[in-house]
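First chain written, first letter: the chains are A, B, C and D, and each begins at residue 1.
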Amino acid sequence: MTLKALREEVLEANLEIVRRGLVLYTFGNASGFDPDSGQCVIKPSGVPYDVLTPDQLVVTDLNGTIVEGDLRPSSDLATHLILYRNFPGVAGVVHTHSRHATAWAQARRDIPCLGTTHADYIRGPIPVTEPMSPADIQHDYELNTGHAIVRRFRELDPLETPAVLVSGHAPFCWGPSPTDAAHNAVIVEELAHLAFLTFTINANAEDLPDHLRDKHFLRKHGKEAYYGQR
Amino acid sequence: MTLKALREEVLEANLEIVRRGLVLYTFGNASGFDPDSGQCVIKPSGVPYDVLTPDQLVVTDLNGTIVEGDLRPSSDLATHLILYRNFPGVAGVVHTHSRHATAWAQARRDIPCLGTTHADYIRGPIPVTEPMSPADIQHDYELNTGHAIVRRFRELDPLETPAVLVSGHAPFCWGPSPTDAAHNAVIVEELAHLAFLTFTINANAEDLPDHLRDKHFLRKHGKEAYYGQR
Amino acid sequence: MTLKALREEVLEANLEIVRRGLVLYTFGNASGFDPDSGQCVIKPSGVPYDVLTPDQLVVTDLNGTIVEGDLRPSSDLATHLILYRNFPGVAGVVHTHSRHATAWAQARRDIPCLGTTHADYIRGPIPVTEPMSPADIQHDYELNTGHAIVRRFRELDPLETPAVLVSGHAPFCWGPSPTDAAHNAVIVEELAHLAFLTFTINANAEDLPDHLRDKHFLRKHGKEAYYGQR
Amino acid sequence: MTLKALREEVLEANLEIVRRGLVLYTFGNASGFDPDSGQCVIKPSGVPYDVLTPDQLVVTDLNGTIVEGDLRPSSDLATHLILYRNFPGVAGVVHTHSRHATAWAQARRDIPCLGTTHADYIRGPIPVTEPMSPADIQHDYELNTGHAIVRRFRELDPLETPAVLVSGHAPFCWGPSPTDAAHNAVIVEELAHLAFLTFTINANAEDLPDHLRDKHFLRKHGKEAYYGQR
């Protein structure tokens, strides 16, 4: 993949989360990663989306050193990079403050898998991280946010659970490309909204049975998938 | 009815559920059935709505054998067909993951008839199916989804109750035409939203009395109807 | 006021409730009344709003006899007329199934005056009618709906409380003109939404104190009003 | 700053709150203040936003005496002025009846700082004022509303907490400019919506820990800030 193509896909992922109503003002950012070159392309910090151009995107290496770009990268860069370093196969990361997913993060509750819409995308709950220590917040906050996510995924497969809620903060979503990550961010907001409604209707709503959850997940993912045109 | 006319009406029903905000990405599908020819026209699987043309719709017989079309039909085809085979007078089926109706399906609760808006369209609760067995989920899942719906309607008239919530999944709606089925899908989402609000305001809200429910249903349906221009 | 001008204002009131998102499909209707001629202009039954013209509106006298028009009037005509006959000073009536107001009607709860937004328009709760008897529903249903509203207003001033929730049904709103009635319908939906949120946040939320309620109502109504350009 | 520039910024702030969906009809108003000239520019009372021009804005001194303008100023002028007189550094005030913030005001509950979205803008809860006495409501109501706000801020820094909920009424927001005040009004509505959802999901949701709150506030405010392009 050329850097030019990656820039364009990352720009498009940033615009997609705006078009889908996930972004207020400059909240949120999308990045993409090219495992061959080891380069990351990310939104600059605090730049309004409606004037964003591919040239303004910032290119860094996996340590956050700027390779190309005159603007400061998103302040969440360090979080994105630690996900690329730790989650093999992930090549796109999207962070938003989308309303319902953020409310679940603020409520510090996992979003359980309550229905097939959820299971079509995620093979289990959307987990919330453990609260961070004062020391982890004080220094290298964004880096430590990434570490908190990675710790939460010790026993989870990031490709089967392509999203997390950072405790008291908001969601990070990812996928095998920036386009997939943005798509997952839209889906996570919808699932958070559905779960909000479901528990308001029935406070004792139960998780989808495992066999139904897996049926739906595997209908769309893996070698036995039979959804869509293949 | 010509196959061409049916294709156009089915396309329009698919677009109507998008226009009305019932569809996210490629969730959902509409089909139509011609009882004379025994042919069903349905949306292809996973094709974005904004590029959908009448020619891309798939034509099958009642057993699901493809009669016309190069694309794979919606993965929910088997569910649609079993409804056409078992519900006389039904010639349109629409499946969506519309937000509030899906939340009720996830909450695994019937939507009671709480007001006259509901009674104008549906003569009783919108029922939720029984959970399916692991075996029914493992093999012929979509066919067995249809069987679960039909079992739920043993004592219900599908023309007086033109919708169901599949447990843990989402609504299926139907009617005497694809246009009616799409219209009912919009109404069911509105009724699900109203019922969500009603129970949040008053957890002990009561069903509409039978005589008021029937007054409204029969004001719009059957030979004594007096609503609209006739 | 000429009949032509009344037709145009009634059409505009019908379109306003659509523009403001209070109407799904053909739910809802607006009418106007000219006390000098004793004529009422009302929407025809079941006609889509986007093709509605002033000529299609139906003109009746206060007994419901059609004076002009080829179409059947709204099935709710009898309810509108009884309000004009019983509420002096009322010259516009609007009926909608707007979402939050309808949910309160289904919950069969008065909407209390919880804040100054409410008090700016309505000097007390928005009342819900008593349930109607089976006999009242069976025969002359729409007329008896009007009677139920009038009974509920025995001790209320319809100009200080320009709206009602019909139990299990939906709101009727009114005012000194069709324009005012449509405006009040928009406000009632907003107040219903605010009250829904308020009680969800605080189940024990209290009514606005009388002196604050009256301050706001009288800031906008009556001879001591000082809001706006006068 | 010229008066012409201030007029244009105040007009723009008034239009921004409309564009962002915070305003129904003529609810709400924005003003700006020039500390050098001691002049305040404010929206006229009850004028629809879509016909508002810079020339129609009303210019007053800090006592409310009209310096320029043919229209009556917003009836809330006295509240705005007392904020300019008491909150050094504040040069823009915006009052809306935005839905979720108004619901919290009606519920008479502070909006706690539940997440980092809140902490990015406000360093603690959004406070609700004490109820006003009947005497304070009867005479000089708008002035006394301002006094109630100022009393509530005895131990708060208005630049760290740029918003208040007036008990039973609605929010007032402010900032170092009319643009900032309008921006804060949009944010306050979003925070109110997030807090509504958070408590509905988890009635026992806890405040963000102080160290995380301050980290986010100071990431965007003060001399150690590192968000955006600086």
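One rule holds in what follows: contacts are C-beta pairs under 8 Å (C-beta built on N, C-alpha and C of every residue); 3 or more make two chains touch, one makes a residue touch a chain.
Remember, predicted model here, so these are calculated numbers, not experimental data.
Among the remaining chains, none touches subunit A as well as subunit D.
Comparing the CA-atom centres of all chains against that of subunit C, the greatest distance is found for A.
At the interface between subunit A and subunit B, two copies of one sequence, fewer than half of the residue numbers in use are shared by both copies.
Computed from the mean C-alpha positions, the centre of subunit B lies at a distance of 47 Å from the centre of subunit D. Between the Cα centres of subunit C and subunit D there is a gap of 33 Å.
For subunit B, the set of residues touching two or more other chains reads 200. Shown here, the protein chains touch around one cycle, each chain meeting exactly two partners. Per the contact rule defined earlier, chains pair up in contact as A-B, A-D, B-C, C-D. Every residue of subunit D that touches subunit C in the complex is listed here, in rising order: 24-27, 44-47, 71-72, 75, 97, 99-100, 102-109, 131-132, 134, 137-138, 141, 168-170, 196, 199-200. Residues 114-117, 183, 186-187, 190, 193-195, 197-198, 200-202, 205-206, 208-209, 211-212, 215, 219, 226-230 of subunit D touch subunit A in their complex.
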